[in-house]
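Mind having a look at this structure? Questions to follow.
By written order: A, B, C and D. Residues from 1 in each chain.
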Amino acid sequence: MGSIGAAAVGLDITWAVDWVRRGAESMSEHRVELITLDREIGDGDHGENMDRGFQAVLPKLDDLPAGSTPADVLKMVATTLISTVGGAAGPLYGTAFLRGSGAIAGESSIDAAGVVSLLEASRDGIVARGKAESGDKTMVDAWTPAVDAARSAADGGASAAETLRAAADAAAAGSDATIPLVARKGRASYLGERSAGHRDPGAQSTAYLLEAAAAAASNGTSA
Amino acid sequence: MGSIGAAAVGLDITWAVDWVRRGAESMSEHRVELITLDREIGDGDHGENMDRGFQAVLPKLDDLPAGSTPADVLKMVATTLISTVGGAAGPLYGTAFLRGSGAIAGESSIDAAGVVSLLEASRDGIVARGKAESGDKTMVDAWTPAVDAARSAADGGASAAETLRAAADAAAAGSDATIPLVARKGRASYLGERSAGHRDPGAQSTAYLLEAAAAAASNGTSA
Amino acid sequence: MKKIINDPKRVVDESVAGFGLAHADLVRVETDPIHVVRADAPVAGKVGLVSGGGSGHEPLHAGFVGPGMLDAAVPGAVFTSPTPDPILAATKAVDGGKGVLHIVKNYTGDVLNFETAADLAAADGIEVRAVVTNDDVAVKDSLYTAGRRGVGGTVLVEKIAGAAADRGDSLDGVAEIAERVNANVRSMGMALTPCIVPHAGEPSFTLAEDEVEIGIGIHGEPGRERIKLEPADAIVDRLLTPIIEDLPYSSGDRVLLFVNGMGGTPQIELYIAYRRAAEVLAEKGITIERSLVGNYITSLEMQGFSLTVLKLDDEMIGLWDAPVHTAALRWGR
Amino acid sequence: MKKIINDPKRVVDESVAGFGLAHADLVRVETDPIHVVRADAPVAGKVGLVSGGGSGHEPLHAGFVGPGMLDAAVPGAVFTSPTPDPILAATKAVDGGKGVLHIVKNYTGDVLNFETAADLAAADGIEVRAVVTNDDVAVKDSLYTAGRRGVGGTVLVEKIAGAAADRGDSLDGVAEIAERVNANVRSMGMALTPCIVPHAGEPSFTLAEDEVEIGIGIHGEPGRERIKLEPADAIVDRLLTPIIEDLPYSSGDRVLLFVNGMGGTPQIELYIAYRRAAEVLAEKGITIERSLVGNYITSLEMQGFSLTVLKLDDEMIGLWDAPVHTAALRWGR
């Protein structure tokens, strides 16, 4: 079973770089969709912001010094997003990647527990910056289910890749679950009741980024 | 034959007042049409301007002193149009009615020759103010055929009413004939070749006003 | 038609009333017949400056009434030149004994109505001169047109002539400098969208989603040419080339560059146009000594812009820089 | 999408470049990272004022850079708050040794990015304080929102705080007056049409020919409520009532009335709105001491307007009247 092989192999720098590449590809691919979601209940820039940020990240992947760890990659992503994305998403994702990097600092390869720490630290960073609670119709509503799902998976003995898969699926479901919510944080909160019936763009970009992480993990191990 | 009766009767104050009332009604009725014509090759205000002017004229008809002549009516129309219409049409029609009034000054009733003098003086006033020549695609292209037709009719022995009928029909034909022309005066001249294919709004309002004059004349005499 | 209005027939009256309330320190609004005069009119011993024309071009002209610029503005109905009565009333109100200059944009209606008012004022013993602005190179000045239209250059004529009047020039002197500005200024405009005259309720023309009008006037009338939308730089070139060739402007000239919004175009776009215009002038060795960017002579909510270039001399620069205090242009006080 | 632009991705860069060319006497444009600073920055011994936010609201903020107002403006991408880097660069560029005040409109992105920049500046030894404007009564300031948005009141905060800095107030003093203005100002806006963000290429929302959005923000985001078009006076009442009730303003208050165009609305309509707003305030015994009418904080080409009312005290009036010389607001020099 691939999953046993995956459990045996930690996620290393190759995975981290692949995650970021896939993430960039996904932001580019879903740029218009994220703009459209944000236009409906925000100001129509989320896809543009995320795409601009990840396009700035890409060339820096080539400049990583030899011996870089996954944490180094995430830190580079963090600082690049902070200085190129802007808006609410820039500082929030920046903090997420920064805290995530901190949680796995020094490790050349991370296991399922490491994945949980990474995701949890990221989510906590977002909450610390943005003060959103679950149900406020923000990216937190994708991150928190992802953290919870990752923890149960890891607790149940899943591999790092399986743990990420569980996180990604939960983030996607969390994004879906934002649709009926009334926003209480971010720009969509200005709409009050009118925000219900629309998916939160940040929750959706989170789902795409965690999907990229999971895809990179399963790719790395099955290749 | 009604026309013989009409030939016998000169056009008096009743006719003049009726002309103006019918003219006002016509401007009101054709307001949108004249706006639309002017929108196509001008600035979309001709119908509004003419309607505003004639609406201002109407109440003054009730204040005419006893013993007023047709010339007095036309003079009142002239000054009222000058002070309420604005744009190019205000001074041009104002001058037309003022000169027309001058041409029949003192007459309590005008015959066919009087009609010709009135129309000719009006047309000459417009040309003096606006410097347009025939074929420039302006109201002159309705007035000049009207003057010419009136003169032939009168020369041929037509009544005042018949003379006005000839003038009105010629003005309408003159207005039709402006359609293919390229404008060389007024706002439509800015369009150059693009003005061809559109009727001149001022020629059309002239046709309506002379139609009102002719209708008032035939009505007055057949009543 | 979506507008912030109450009644199409009361648009001008209510707007001018609001203007008077907002700028009571600067102007007095007379309602019958409607005109806007400097709060302290007439200014004794100063030539009075009166301009006017159809409404819908705001801030032109009422926004330019005040010390250093116009003494009175006469707003007509939307896109309709005013009748002689309010022009006459304004002329009388601002006559400080040194005569009155009429600044008239070259449109048949404006010219005729101002002419009549000037005749009536002369009959009342007021000396009046008129300067007719005609800077729009989109229209050929020939026997086959009503002549070039007065557009953006009018704003510059009003500012500079206003400063000349302010320093005490005679009526002939003020008229002479106004003529000189007019002789040295050229403009051309374009529109991305039409505008809707309130009483008409319909757009002044219709454009497809990828079309623009080049050589547009300020009355919502269609332009000379309809083309496919182009990048900003190409549009600027299309407007600036005929302007430069017309006077012509040439290397070594010092100019004022005026990028004017038609009313509905955001400032962010005007500065993109400014950038390219400055680049083209620099390439030609023409120096921009002064500039003006914003909505100064508009066509209601039309989207688009016009470029105006004025060839400056030292006197004009001094008069341009002189203090002005109006609702729409203000500096030096 | 019809705009006077070259490339959606270069809109801000090119426009700011044009702004710098047109106002080289007032500002210096730095391109990497992009920010606009006073030509003579830093001014020694003066508190530096920095504001910024997404582009598309011009003249806010670059149009308010100059003596008596802001020392620097940081334009982000269209409708996207800038990142910390240019905010930090601007903060450093204007630090004249007396500290720097950040004037931040209350949006999550603006607040977070300015916070980060302030932390970095503090690490570099620059004293920074931030004032967050939040005057939009269309949004309830409660646990269930991101708080009221900063809109029209921001312009007034920038002018008055700028004057306080100009007269030599300390950082705490300037921050205190800025807070006081913010505490006494309320706004609400509406839109007749949406706007189109260049990179999005689609309208921010769609409205039927007879619909308007009430309680609109400045980012092209939809408002709280969509209603049928009403006459101007009814719309003004709809915006002004919640403003008056919120502070509340009451009889005897002296206020500044600010009628702001959203970018695509012609001036003729703004003054119709002003007229009614003045009428309502007069009925309530509220005196308009100062007023401002025009496009000062916009949403690209959006048609609509906002009303802002500031309760004045003598100090605020003095600071409002103090000389200011920026591209968009200028008097007294």
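One rule holds for everything that comes next: contacts are C-beta pairs under 8 Å (C-beta built on N, C-alpha and C of every residue); 3 or more make two chains touch, one makes a residue touch a chain.
Quantities reported herein were computed from a predicted structural model and do not represent experimental measurements.
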item	value
Subunit D reached from subunit B - shortest hop count over touching chains	2
Chain whose mean Cα position lies farthest from subunit D	B
Length of the line joining the C-alpha centres of subunit A and subunit C, rounded to whole Å	56
Whole-Å gap separating subunit A and subunit D, where each centre is the average of the chain's CA atoms	33
Approximate Å spacing (C-alpha centroids) for the pair subunit C, subunit D	29
Residues within subunit B bordering two or more other chains	none
Residues of subunit C whose C-beta touches two or more other chains	78
Topology of the chain contact graph, where touching chains are joined (line, ring, star, complete, other)	line
Chain pairs that touch, as defined at the top of this document	A-D, B-C, C-D
Residue ranges of subunit C in contact with subunit D within the complex	2-7, 11-12, 14-19, 21-23, 55-56, 58-59, 63, 78, 192-193, 209-210, 212, 229, 231-233, 235, 257, 259, 263-276, 278, 288, 291, 293, 295, 298, 300-301, 303-305, 325, 327, 330-333
Partner subunit A, residues of subunit D touching it in the complex	33, 54, 76-85, 107-109, 112-113, 115-116, 138-140, 143-146, 149, 197, 199-200, 202, 204-205, 217, 219-222, 224
Subunit C partner contacts - residues on subunit B that touch it in the complex	35-36, 39-45, 48-49, 52, 82-92, 129-130, 182, 184-187, 189-192, 194
